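Chains here go by letter, A, B, C and D, matching the order in which they are written, and residues are numbered from 1 within each.
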Amino acid sequence: MIKAGIIGGAGYTGIELVRLLLMHPEVEISVVTSRRYKGKLISDVNPHLEPFIELEYEDVDTKEIADRTDIVFLAVPHGSAMDYVPQLRARGARVIDLSADYRLKKDEYERIYKRQHKDNDKETRKSVYGLTELHPEVADADLIANPGCYPTGAILAVAPLVKGNEGGGRVKQVIFDSKSGISGAGAEPSAKSHFPNLAENIVPYEVTAHRHVAEMRMELSVKVSFTPHVIPSIRGILTTAHVFIEESGAQTKPLQGLRGRGAEPHSDEIEETYKRFYEGKRFIRLRKGLPSLSSVRGTNFCDIGFKREEKSDRIVVISAIDNLVKGGSGQAIQNMNLMFGMDEREGLWFPGLVP
Amino acid sequence: MIKAGIIGGAGYTGIELVRLLLMHPEVEISVVTSRRYKGKLISDVNPHLEPFIELEYEDVDTKEIADRTDIVFLAVPHGSAMDYVPQLRARGARVIDLSADYRLKKDEYERIYKRQHKDNDKETRKSVYGLTELHPEVADADLIANPGCYPTGAILAVAPLVKGNEGGGRVKQVIFDSKSGISGAGAEPSAKSHFPNLAENIVPYEVTAHRHVAEMRMELSVKVSFTPHVIPSIRGILTTAHVFIEESGAQTKPLQGLRGRGAEPHSDEIEETYKRFYEGKRFIRLRKGLPSLSSVRGTNFCDIGFKREEKSDRIVVISAIDNLVKGGSGQAIQNMNLMFGMDEREGLWFPGLVP
Amino acid sequence: MIKAGIIGGAGYTGIELVRLLLMHPEVEISVVTSRRYKGKLISDVNPHLEPFIELEYEDVDTKEIADRTDIVFLAVPHGSAMDYVPQLRARGARVIDLSADYRLKKDEYERIYKRQHKDNDKETRKSVYGLTELHPEVADADLIANPGCYPTGAILAVAPLVKGNEGGGRVKQVIFDSKSGISGAGAEPSAKSHFPNLAENIVPYEVTAHRHVAEMRMELSVKVSFTPHVIPSIRGILTTAHVFIEESGAQTKPLQGLRGRGAEPHSDEIEETYKRFYEGKRFIRLRKGLPSLSSVRGTNFCDIGFKREEKSDRIVVISAIDNLVKGGSGQAIQNMNLMFGMDEREGLWFPGLVP
Amino acid sequence: MIKAGIIGGAGYTGIELVRLLLMHPEVEISVVTSRRYKGKLISDVNPHLEPFIELEYEDVDTKEIADRTDIVFLAVPHGSAMDYVPQLRARGARVIDLSADYRLKKDEYERIYKRQHKDNDKETRKSVYGLTELHPEVADADLIANPGCYPTGAILAVAPLVKGNEGGGRVKQVIFDSKSGISGAGAEPSAKSHFPNLAENIVPYEVTAHRHVAEMRMELSVKVSFTPHVIPSIRGILTTAHVFIEESGAQTKPLQGLRGRGAEPHSDEIEETYKRFYEGKRFIRLRKGLPSLSSVRGTNFCDIGFKREEKSDRIVVISAIDNLVKGGSGQAIQNMNLMFGMDEREGLWFPGLVP
């Protein structure tokens, strides 16, 4: 049994890790920390976990945690993870960090998150960006930077179009317009999550400057715009990707599978590109129609569908994920599975809660 | 034009008063206070009120407010109203208090609200319980204690059965099981109003000991139980009243209109009792079927329907109100209308927002 | 592996059976029928089930189904099950019927459901009411009448008070006021389930005459009233049970554990009664506070909490279930587990989807 | 008093016309038709309208309706309006058509709506596109084609950038990503509006081929893409317009007010452009922040806000409307007001239902 520790186990990401790991046949949760609730039974704070876990929340002691675990999940706020990682790594712990601290290059991180990065040890800083479907090297990593929820759905939606070719480059620009359930804003009540403010509403925010765009640009290397909204839903992110491709006459080598007749790539060729790119990726489900949130509720799947606009250079790609599972804790466990040589599906292979 | 002041104009009750008074043809809002937002434009804090009001929030100055207004609405927390009322009354202001401070007898208030009542002036304390349909004396009042949201819907649901007879007393017991939209909990974010906690849920609370039961008992004088819940809805209170009547063989004089054949009152007689009791009450709508929240959304109506259980001593009466209108600010304006000799409908006579 | 068949596999109950059985380690789904969708891939009709099931919907052939399965679940409308059961039983099939057809005595069924019961074979008609916690004899049954969703939550809420004593009878009367998610109304769109009609609303229906009251009376043998409502939620039933107990001076032998000081049973004694009654029942969670729907979402748990009203003969008991799991398909599987000598938790032992 | 008739008064658009016209001081509703409900009291079918209207639904008789009214609103399905308009116009009736039948040029209509246009009378066909803020000529029209709900929010969002200059043309391309409440899909229950399908979800549809795009192109004359979604909300359309402007070096004459320093137009200049363009338009509210649906709930306002992306050619403009009011029946009344020489605000000047 793999012994897992969770630092920051009272927020939505942490508690979802607990919920999912409890169903994992190869994992035993050995420690969960929370400064706020230390000494309290986890199942008293989270009654849905009774009687599955008998542990109490503990205070954080990185040394002890490294000794008592085979893998440590960090579910702490951005800026805190970099305090724990060097200590944990120094004691040989393998770490999956669900914060943003190890996702970007140091200078990019500091520019975007407007704080200094305190971890200067090049060795321990060596992280793999844990978007499993694009980075098989997670299997060999000791430190994984688990992707942000929005980037997960956005990047997976268009990666085959952007990267699934030899020459690269027929995609000219992508506009990601994302709609997220409010659980992404965390367990702490706020004006944004106040029921009368969100019900019967949809709220755009940080429409030109959300920090997650940096991850999308890092992974996709094309012109990317990103605009998020919160919808009156608990879970889920639906990303509508408006993908613009080079128009006819372009000199660039066309996407393999996007050759098309004339300038327009045909739907069956696009489908082929997606199938080839995601072959063997068990958590990607290519849909004939357009996906919506319900099919992925509570699961680690990323559902993808697309529609080619007629007489146009636009392809609309829709992806749907559960922000707390594939967009967070589930993907972290998927990474853990690969790090420990297991099938990526272990503990995560179940259908969504429909209806 | 009647000049109206609102003390506590930033909570849901206060801001709903502003919204409704802005549509009242005979009223001009002259002052709105808020300690938190003083100096800010009301329409900046509440963008839905732009461009209808150009006032800024002011700090509270009871002397000045008494001078600048014909009527003062108090939309402050329980326990604060009793600070303002004596000062306002001393300066001759007429007051409609939407808090609980003047609803109950002094000793009952102190027992239920667990605080001392500071207003000892018998004269100024003389308030009328502003459940307009039952208390025509509001027309002559200088101080009105506007009813609680739950009591409004509950009392109106069963008053005809309890009070609509000469001898009184065929109703033995009433169990009120109420379901409220979350706006009743106020504008301040809390765990209770946190979207992920309330959506896809219904939450019972204070199931045996909610303070509002005191108003119901005061007005109905029968055995009353009250159990509230919050539902994933912004507005509205649906009250399911389980009314038990004396069974056959009882010596009590039967309800006029509830004579029945044998011991069981018949539905048409019950209907007759309701019609007679609420004759001329324009905001009571007796429904053939069972009411629900949507028809009263945004309105001052109280919709009532009932169903007589066969071979049983139970009548189920359902009432539906908008908690912020008939259950609060609308009823306050209805009271004001009568205090100033106007038709009770003035400024409140419009249909609900359906769908 | 147990081979399971589902007749009526396209409604919410049927498809939830598929979802849950797919996660059951000892079960293999061998046949799922649907007249409407025969020949179509189950996962095409229900995209959340991809890629977990590769079967197509089949037409119903009871003979063949009996041969191909060890257990048959009937998830067909009331009135249809009685067509299948005799044929299936005649071929030796063990059957769990999720309809109402075998829950009540013949004459009671015919009175309540207003149709003739066609199954007159006394032998095959011998069913066990599958409220597992109260009927351990399900383990030996060949035909189980799976309880209705409302009765499951209602009966479990009060059974310890009603039945958990020797002499019986201190509970005088129970009023069940239930609030259900709309999935209980089925997968077929209707005015009731039309989003603009249900959102921001709560709708009472059949407030004195819902058919499920017959099951409650059958199991509890006390004076029972039942009033259902639908709330703007997909899943879940919260039942508020207003329980009235005999007042002081009553001659009846007091409930064991409800002796109390004077006439009033004390909360710790009530708690003791519940604990004793449900000892070893793994899907009953007794809560310190009041339960709500979120903790049971997607699970087979029935959460129960209560509050004793001071100076009163009323106890408010709240139960929360997922109507499609404990109130339907989950309970059916729990019954199957016991019929096949397994732990009742097999395939059903996971925490709820929170948030 | 203006006598108004409504043909098709049982759908959401029709019934919203009734609701709004009942509050209009200068209008009397003289006839409302519905084939389905003819002979029934309007307030029996729509209990929220009791006791405001005493009319019964009538069958359609265009001759009689023309005689009994000063203005006729057509709230019938696309394809039906063209049956009524010629008859009504022949009898001299002034008509506001809320269907799509008279919005587009004949050939464009036939191409998009895939049906023949039966009205060939050039005279009677002469309609004005009733997007009031852009078409002051509605004041002189006898036939108004009331805009679609999506086009209303979309066109108003970007018109100042596209048209608010002399030379025209700095806007290169617009991607409209719209999110609509489900009431836009009508009063008839469907799989799309089935509560369990929509709650906790967001559903993209016709992502490249929604018919409303034709109106947007007609009015804006720039490259337009349009992708709609339905959200779990009753009312409202939030449109996120991703506007791309010509990059530096372009030879086109810059937008007046978009001159900018260097190539990038500055936010205050954009704001200036909007203010100038919508000066005197009372139902346009330019917001400092980003609008959301709640402020416009139940109103005829179109709230607009925008954000300029740094170092980019993208401006994100957000518009919010109530799809049934500004996106339908309210805008129709606004048009009527102007046709009859009244202030455009008559009967429509009230704040939104918040919270």
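The definition used in the following text is that contacts are C-beta pairs under 8 Å (C-beta built on N, C-alpha and C of every residue); 3 or more make two chains touch, one makes a residue touch a chain.
As the structure is a prediction and not an experimental result, all values here were calculated from the model.
Q: Shared touching chains for chain C and chain D?
A: A chain counts here if it touches both chain C and chain D, which gives A, B.
Q: Using C-alpha centres only, name the chain that sits farthest from chain D.
A: Of all chains, C has its centre farthest from that of chain D.
Q: Between chain pairs A-B and B-D, which one is joined by a greater number of C-beta pairs in contact?
A: Answer to which pair has more contacts is B-D.
Q: At what distance in angstrom does the C-alpha mean of chain D lie from that of chain B?
A: So the centroids are 37 Å from each other.
Q: How big is the gap, in whole Å, between where the Cα atoms of chain A centre and where those of chain D centre?
A: 38
Q: Find the geometric centre of each of chain A and chain B from their Cα atoms only, then give the gap between the two centres in Å, rounded to an integer.
A: Using C-alpha averages as centres, the distance is 48 Å.
Q: Which residues belonging to chain C are in contact with no fewer than two other chains?
A: 12, 183, 187, 196, 199-200, 232-235, 294, 297, 355
Q: What residues on chain C touch chain D, complex-wise?
A: Of all residues in chain C, those touching chain D are 12, 182-183, 187, 189-191, 193-196, 198-200, 232-234.
Q: Under the definition above, what is the set of chain C residues touching chain A in their complex?
A: Per the touch definition, chain C meets chain A at residues 12, 15, 19, 22-23, 46-52, 183, 187, 199-200, 234-235, 285, 287, 291, 294-299, 303, 324, 350-355.
Q: Which chain B residues qualify as touching chain C in the complex?
A: Contacts found on chain B: 175, 177, 179, 181, 196-197, 199-205, 207-209, 225, 227, 229, 231-236, 238, 240, 242, 290, 292-294, 297, 307-310, 312, 314, 316, 318, 355.
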